[in-house]
């Protein structure tokens, strides 16, 4: 494998001043290999600050054009600097990395995302023949049209009610949960916990994409440990970067 | 005092691939206050790498336009990054700092520079009513025309003979030393040592501009110590940044 | 009203922002950049009994997010300081703290006597890695820390701050030795001993071969030591090491520091101490903290 | 022909470029990026007698030019390593060095026995700051370093490398203790103990509160320690701490290292070890060095 030097095709804010950006990278190799739910590990700059790469989920790939898109929000120094990267810059990217979502396209599926956690669900939706989307946001929505193109129906909730249902997206999911055999979810821990609970109660299969701080991104450093439960109740740590970031919901132990 | 945020008006290479650059900065305040031989202390970027500012001599000022120009060569990480700064970037600059050359314009003067050490001599020449320039380079010359505009005569030497006299500039100075009452010099230590020797032998007053690694640039940290000799033979350390960078030749002790 | 006062023994500082010894001369240079009265205290360059020329140059090297220095206590001596430099600082409404270093315990005591109560506090520098005699040798063993602190304390008419070296196995045991010996306050960290080599000429970059590492690179070590020490001692702690922003200052205060000092970063941003002060103020306002003790040492575990 | 060979006791490495324990798993992941046969040696993740789950997450924090980690020796145990991981590494023509950590001297000895001569060397990790038992407690005092080295040496059928902690007052005295006890080689430095606090929630970023600092930030401390130690011991020294480029590797070798290891920088550049190797080769060619000893330890003073 190689880390790729990819050209930035586009890097622009999707929201007005809310700090949500989309970056499109040119990479035939990554576009070709990418599976929904995998991530890329981006080196922000050639210096020592920030030192570590930043893991960002693949949002969408265009295999014909050989491009990969990611959506990120400005959280700290790394993503802030990423947002200032100009078109045509050559970025050093590792990927695609990790284990994505299993594609159970013959079942009735829903993708349930919260905030920036909606990002990886688009490529997933594109790869499922029939699925509904449940997308929750705080106060600004993005990429809705893209989901509308790929999903049967798209449910939106915002905490401030500015778009769609006013409240949490899990409320909408709960109403319709009987319609699904499989649910895929990514978003804040609290949200994913609720989704997992709803699915368990309704005996719906569920897959979650989890976030852990990462070092190597490929399974060598063991900093990204994710607690998983065995059938027999014993737990141990798996690697979020290599065994995940997607896990079967019944495996994951949501601590604290 | 304040550190200034100055806009980069121009930043371009003067030589073909030899890594000598000129940067012009917009700053009324610095242009107004600048004296020949002073320097500015440039923060390369807002990050931690490089951490320290870089001291660069003032090459030329345009008081009407409110601009300051510096000439620098790429030496390491800091100047390399400086060379990549784009027009219109806002740079954080302290200055003008240090003690420049005393202007003895009523005397017969020569400025003697080697390599990048020629840079600060231009503003000096502009401020002396009559002076000759002796400029030595290894294999590429720059800014000769500017000196020709401000000096009575300009003598050039290159080590490879590509322009002017083939050899060292001090050889040319030595031939004409009897013509001068004051010599100002800046350049490699070995060159300045020779200039000082020639002047001492010929009883010509001499001022040297010295380089020391700097921290604060304003006299607070004492890292830039420069050995100076008292009349009575005792030595102590002065601050290159605040007491210098220009010293009377008879003060300076050239170690090692 | 927001109260930023800090007490160091009998000394009251108006706010917890100080400058670190050796990075700030005797204040004059930075006094041209802002009003020194804004600062809680100015800690002056390390003083010795007699004037000292310090080490050969180069005395500074740059390292990733840090610097190495080997100034070696160049200073005019304690008498010249009192005569020539202190009067300038006294024109400002800020505490003046003298940092002292000696070759022998007696020298330290003599300096404390000379300084008397002309300064507001004395910081005992037993952690300078850049001098052969004294310096760090006093500061890295419990028994010598204890005995030098105890001796100087008897000659000291103002609060005594003991500055700790990070080049130790167990910073807590050193801190406790200083406290037991009567220190009124601890400051930490001094520099970590480091080295850099120019691979082209194979020479150490510093003429003195080794030097003290400071700047953002050392911050995690400093925060850890402040955290460990503040939990164990009852006297106030001054935290320093790599502070470059108000966020860093807040991090040290949360870790347990009563006050903080800015060193290396003065070179990068001459107004760093004032900007740190304003930022800490803003942080307190935003979080509705009335005084430093509302968040000092309040690490959530 | 340029010769980059290095000898560590009876073990011959084809070149001085190694990977640092804990940053490289058991080689498999980086084996997808380049041919591991290029390396002088692979040092595997720290092993314990029984499998260990390690600490809670977060286990990593970023600091200026460095990282803090608190993995806490998550590993499958020495038996599983021998069964499941070693065979993969044995498909390459590179030395395999096992890094071992225990709670008691007996555990270390038992591990050495189990490893026997299935690995090419054993690195004694008595400097891990991330575990309560054992670890760093063994590595920061001369007498315990001496006795554990002496004991393990008796059970060790391959060269024994002792990995030193930088969290000490005097690295040379620790190094000499290990040498006297029979160590065949020393490696340094392990991580510096550090801490980072999230000022928004006032929680330490690492679940384990403190962690080990590594990366470019620590390089000056590492170079200094390698320099000090290499001058005093007769056994070979493996230098590490912040190596990110061939220039850094050359700096360590000039300081006195016989070999170097790349740790944290693997995360930044997965091909770092190979690029370092190529760069060191280029440096030797340019300077007409025939072998490492032409510049190793050759600091010009």
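The chains carry the letters A, B, C and D, assigned in the order they are written, with residues numbered from 1 in each.
Methods note: a residue touches a chain if its C-beta (ideal position, glycine included) is under 8 Å from a C-beta of that chain, and two chains touch if they have at least 3 such contacts.
This structure is a prediction, so every number in the text was calculated from the model and none was measured.
Any chains in contact with both chain B and chain C?
In this structure, the chains that contact chain C and also chain B are A, D.
Once the contact rule is applied, which chains count as partners of both chain A and chain C?
Neighbours common to chain A and chain C are B, D.
Based on mean C-alpha positions, I'd like to know which chain lies farthest from chain B.
Greatest centre separation from chain B goes to chain A.
Just the number, please: Cα centre separation of chain B and chain D in whole Å.
47
Please report how many Å separate the Cα centroid of chain A from that of chain D, as a whole number.
Each chain reduced to its C-alpha mean, chain A and chain D end up 36 Å apart.
Roughly how many whole angstrom separate the Cα centroids of chain A and chain B?
55
Please tell me the distance, in whole Å, between the geometric centres of chain C and chain D computed from their C-alpha atoms.
Distance between chain centres, rounded to whole Å: 34 Å.
Would you please write down the residue numbers of chain B that are in contact with two or more other chains?
48-49
Which residues does chain D have that touch at least 2 chains other than itself?
Residue numbers touching two or more other chains: 61, 64-66, 215-216.
Looking at which chains touch, is this a line, ring, star, complete or other?
Basically all the chains touch each other, so complete.
Where on chain B is chain A touching in the complex?
47-49
Spell out the residues on chain C that touch chain D in their complex, using ranges where they run on.
61, 63-66, 68, 140-141, 167-170, 192-197, 199, 201-204, 209-210, 213, 215-221, 223-224, 227, 242, 247, 250-251, 254-255, 283, 295, 298-301
In their complex, what parts of chain B are in touch with chain C?
1-3, 43, 48-53, 94, 212-226, 236-237, 242, 255
Please output the residues of chain D touching chain A within their complex, sorted ascending.
Chain D residues touching chain A: 22-25, 28-30, 32-33, 45, 53-54, 56-62, 64-67, 69, 71, 74, 215-216, 244, 264, 266-271.
For a test of understanding, state which residues of chain D touch chain B in their complex under the given definition.
The touching residues are 64-65.
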